[in-house]
Amino acid sequence: MIVVMARDTSDDDLNAIRERIEARGLKAQISQGVERVVVGVLGSIPPDFKDEMELMNGVTQVVMISKPYKLASREFHPADTIIKVGDAVIGGPKPVIMAGPCSVEDEEQMVSTAKAVKAAGATILRGGAFKPRTSPYSFRGMGEDGLKLLRLAKQETGLPIITEVMATADVETVAKYADILQIGARNMQNYNLLDEVGLIGKPVMVKRGLAASYEEWLLAAEYVMAGGNQQVILCERGIRGFETFTRFTLDVAAVPVIKRLSHLPIVADPSHSTGKWYLVTPVALASVAAGAHGLLIEVHPNPDLAKCDGPQSLTFENFDMLMEQVNAIASVRKQPVTAG
Amino acid sequence: MIVVMARDTSDDDLNAIRERIEARGLKAQISQGVERVVVGVLGSIPPDFKDEMELMNGVTQVVMISKPYKLASREFHPADTIIKVGDAVIGGPKPVIMAGPCSVEDEEQMVSTAKAVKAAGATILRGGAFKPRTSPYSFRGMGEDGLKLLRLAKQETGLPIITEVMATADVETVAKYADILQIGARNMQNYNLLDEVGLIGKPVMVKRGLAASYEEWLLAAEYVMAGGNQQVILCERGIRGFETFTRFTLDVAAVPVIKRLSHLPIVADPSHSTGKWYLVTPVALASVAAGAHGLLIEVHPNPDLAKCDGPQSLTFENFDMLMEQVNAIASVRKQPVTAG
Amino acid sequence: MIVVMARDTSDDDLNAIRERIEARGLKAQISQGVERVVVGVLGSIPPDFKDEMELMNGVTQVVMISKPYKLASREFHPADTIIKVGDAVIGGPKPVIMAGPCSVEDEEQMVSTAKAVKAAGATILRGGAFKPRTSPYSFRGMGEDGLKLLRLAKQETGLPIITEVMATADVETVAKYADILQIGARNMQNYNLLDEVGLIGKPVMVKRGLAASYEEWLLAAEYVMAGGNQQVILCERGIRGFETFTRFTLDVAAVPVIKRLSHLPIVADPSHSTGKWYLVTPVALASVAAGAHGLLIEVHPNPDLAKCDGPQSLTFENFDMLMEQVNAIASVRKQPVTAG
Amino acid sequence: MIVVMARDTSDDDLNAIRERIEARGLKAQISQGVERVVVGVLGSIPPDFKDEMELMNGVTQVVMISKPYKLASREFHPADTIIKVGDAVIGGPKPVIMAGPCSVEDEEQMVSTAKAVKAAGATILRGGAFKPRTSPYSFRGMGEDGLKLLRLAKQETGLPIITEVMATADVETVAKYADILQIGARNMQNYNLLDEVGLIGKPVMVKRGLAASYEEWLLAAEYVMAGGNQQVILCERGIRGFETFTRFTLDVAAVPVIKRLSHLPIVADPSHSTGKWYLVTPVALASVAAGAHGLLIEVHPNPDLAKCDGPQSLTFENFDMLMEQVNAIASVRKQPVTAG
């Protein structure tokens, strides 16, 4: 349930609302907007409580939210959420490109890639220091040494960093270096990890699990938000289908669906979903045309030598060409969903 | 296996090749190109036969085709197939829009829709006279009376017609009225029907079955082509996934994948795949950005009253807005796969 | 809607009911049971019609059927449907085994297999004369010559025959030889074919489409039944999943689900679903334990030389061992769903 | 690669082998069997190393293992792994039944359920203290208080305990109370958690992720085993499919497939996979008939009042009937896969 109040509601009225909510064993979450104040009410709402709230001072409207996710729903927060990181504005009209290698390997690789993707127009640098690998015998990332190389690349280029965190014990360390923390698809329902990143003051990107419904995905975001962190970005990275030619099946309709159900920014990852470099550009353009707020693209100075995901990584030249086309598409698209 | 010969190969040399192929119990399929002649060899190739062919007069190259589909493969026919129907050129740089109602209902509905979609830029008219319906108790289409209304709308607007054929017994009748015959997703592996439309002289659009792999889909096209009809269009219309919010899951990567594996044109159907009108435009734009040669869009004068698929049909106004954006995207896209 | 009447309802009362139903543009389907008469009402029921029926002479109860399938639903026909073919009783407590080769190849193969499977306890002979093949270049069956060999094997052993029909034009021919007509998974939504087999007087087995929901599958059966043929058997043959180690994923829960939703017999096909001979026996036993009314098993004198599906065919020896275990399981199982 | 040596190999020979392996940067894992000693070699094997090993003292055979999982593969460890917990022998001919409520609620519920399932023949008690819930607002379990109630129920009945661990930080605590630690489907690729339970001396049950291939699932087990813990049990609990009538789709073929690919015990969870109590028994019987080493069954004194998963929980009476039928099936089944 959300309680909408006039912008100039007095503190007394607001406190009265809060107290009444808490007296019923519910939780109040207050958002001060430009034109109104919205109080979210979390918990199991008693049948008569809506009427009770409507009669209180300063209340202009009370709306029940039928969805199981509350904070993440557009009903709860009608305007698009905008997240600012460095020069990047995620959730606005211009798509934000996050690019870099699958895994951090060495200084030369990181710094050269950071410079190349920045020159081409990327505004966020990606790179994996902690890598989830299907086999225990695969390269599992450089760990904190990798984070240090990411910081070095940031110092050289000014690009903020997005990188994955896999374990609750690493959240503090990763948050020291990263500007955005990424929750991987395999951890989308690792609830202890979601709880933990709900407590930090940095944006979190939640990748869709490979068999997650829209509702389960938004509930994963809800875990982070229920912890207090409202800066959540969603990332469509392909679901598991029956086709084996591509690594996963990018569900492009997820972009407009999420924009309708939620106020959170939604980006797409054509690299992991396709698994083949020559499919990355067409699928990236499709995602942008569908309204995605950004892209996650794997770029490597020499994909043939990459320690991880070489076949799906773009060379600097191919990334340049992708950026050129992304900008052309973005310049002509209209936003298919407009927010109130 | 394909045997490549010089453009100026003599008829005698070509006949000698053909005889040698047939002497081995194989079948020869000859394509006269501008720069060369390509002889496709169908059947189980004996181990020494490649060497034998390479030694024959006029042969410049012999290439084994590893894929189970031969005629449909890009190896067999490197240049894009272009299909002309009325003013529409399917397979070229400009996306071809096929629009109209799910099912033909009456003259007023068909003619008004035909005029509206033509005015907005569509160049092919769609409409179902024979409708595959999940329940035997649903409206199953007007049959030949529907085809007559389609012809009327064609006479009024000049738009060529695409319509579905469901039964071998109806192929002749449907071909009398239609410019393109559509094989629906449920019939993608109805091999008798595929055989039958392989014998007609009109283009055939093969929709992807809802659990068909790329290979199975191309093999369905191969059935039509093996019958002698090389004018095949493929249509991605969404696969069955676990998500129930959308009707099906449009696999946007299918567009560049098919363009790489095959020379046949590939179009997308955002209406059936999403099942919700407000998702049609973003998914249509995504498909065009990914390189689709065309779109199939359901349009109805009054979607709320439609006898079939109302929730996914666009109004004339919404279709106008879709066309405007499709044209903008198409004007800036580069073709992600170029043909030799 | 179904109207339940006492067993001793007079013809006059029954006729009055029928006329009243038809006067509303609905269709009446009358089933004379041992303890009662059930009148099924098909069509769109007006709101007040239930009350009207309840007041008529002889009516003991009126039940609305909410499911989209009516004739196939257990609400409509509470008792299990029993289908008798030769010595086989399909739908009763004893599982019926239908065994034989994927495709009919020659007399020796058919007759020796028929004798072997009969000796082991099978009571129906299977064998494909018309074969649906993914590639147009694969062996597509012997056609009517194959049907003649099936008849020969029937004459030698007394086993009734089940075989696939793929085309409406072949229904009459196939029905001349076969005791049960099989609709393959690829044709589960080939509605013209379903309509056609609805008109014949022989049992029809409808295999589940590889991406068909329970409802879509029961609606395919409904097509056959709406045509007048109530002798329908359902066959779970595996759905398409993401795992490629097995050919398909046998959904064993389909057995008890179908027994709850429908009165029609349900059998399982472990051969096609697994694609590997060494998985056939465990999956067959699982299906029987779950309550399946029968099994479809591929058996070949020499699987390595089979023209079709050799890897999933059992040798005679392996089939003997399967039968021994099937009988043991069947002897101890209780029917998980009991019918009224 | 595995190096097989005679049973009476001297320590010197064995040490020589180990040193040679480690000198190449590889890791040796030695298993002393009754009839032979097997040395597993982990890492990237150089091309000439097989020949080198074959020439060494005491070596009778060297086998390359092509699968990405090594320790979990049957090639590596041909005999079935048997795990003993209390009176239960998991991996032997008799199916082991693990039963109890979805979540621990109170003493009365736990103790009464433990006594009831023991009386019916269960030999392991299940119950959730830490619950993974899709929504952050659902009941997430009693935590350590729940573990204490499980211990109490164990003291009353003697039944060993299986319970889920969700977080690396909880592994030590859970291991203090539990006899088997369960890794839930959502955490199957939570690699830090898998690493952690690889270090403890108690059996671990790894549930299949809802979109995990057999290979990915066995690689999850490999993570635990690579950490040193060889006591791993696999649990098929249903994969995500397109059908929504059941909660998940139990892949019954997984049972014989896993028994062929791996030596680890495999059990099935009909409760979570079906989501409906009336489907639990038929699917349980199917799993046992297919060769499952055990079952995980949800039982509750009063399913209608359960805090979690009531609709899929059996009453004590229904559990009694299930056990009776499970025993009947188990008494007649032959093990479909025999180990060397």
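Letters are used for the chains, namely A, B, C and D, taken in the order the chains are written, and counting of residues starts over at 1 for each.
By our rule, contacts are C-beta pairs under 8 Å (C-beta built on N, C-alpha and C of every residue); 3 or more make two chains touch, one makes a residue touch a chain.
The structure presented is a predicted model; accordingly, all values stated were derived computationally and were not measured.
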Task: State the smallest step count from chain B to chain D, taking one step as a move to a touching chain.
output: 1
- prompt: Given the two chain pairs A-C and A-B, which is bridged by the higher number of C-beta pairs in contact?
  reply: A-B
- request: Would you kindly say which chain has the C-alpha centre located farthest from the C-alpha centre of chain A?
  value: C
- prompt: If you average the Cα atoms of chain A and of chain B to get two centres, how far apart are those centres in Å?
  reply: 37
Query: Between chain A and chain C, what's the gap in Å when you average each chain's C-alpha atoms?
result: 49
- prompt: For chain C, which residues are shared contacts with two or more other chains?
  reply: 211, 239-242, 244
Statement: Given the complex, residues on chain A that touch chain D span 42-43, 68-70, 132-137, 140, 166-169, 186-187, 189-193, 209-211, 216, 219, 222-223, 226, 239-240
Query: If you look only at chain D, which of its residues touch chain B in the complex?
result: 240-242, 244
Statement: Contacts from chain A onto chain B in the complex sit at residues 211, 213-214, 239, 241-246, 249-253, 255-257, 260, 273-274, 278-279, 281-283, 285-291, 325, 328-329, 331-334, 336
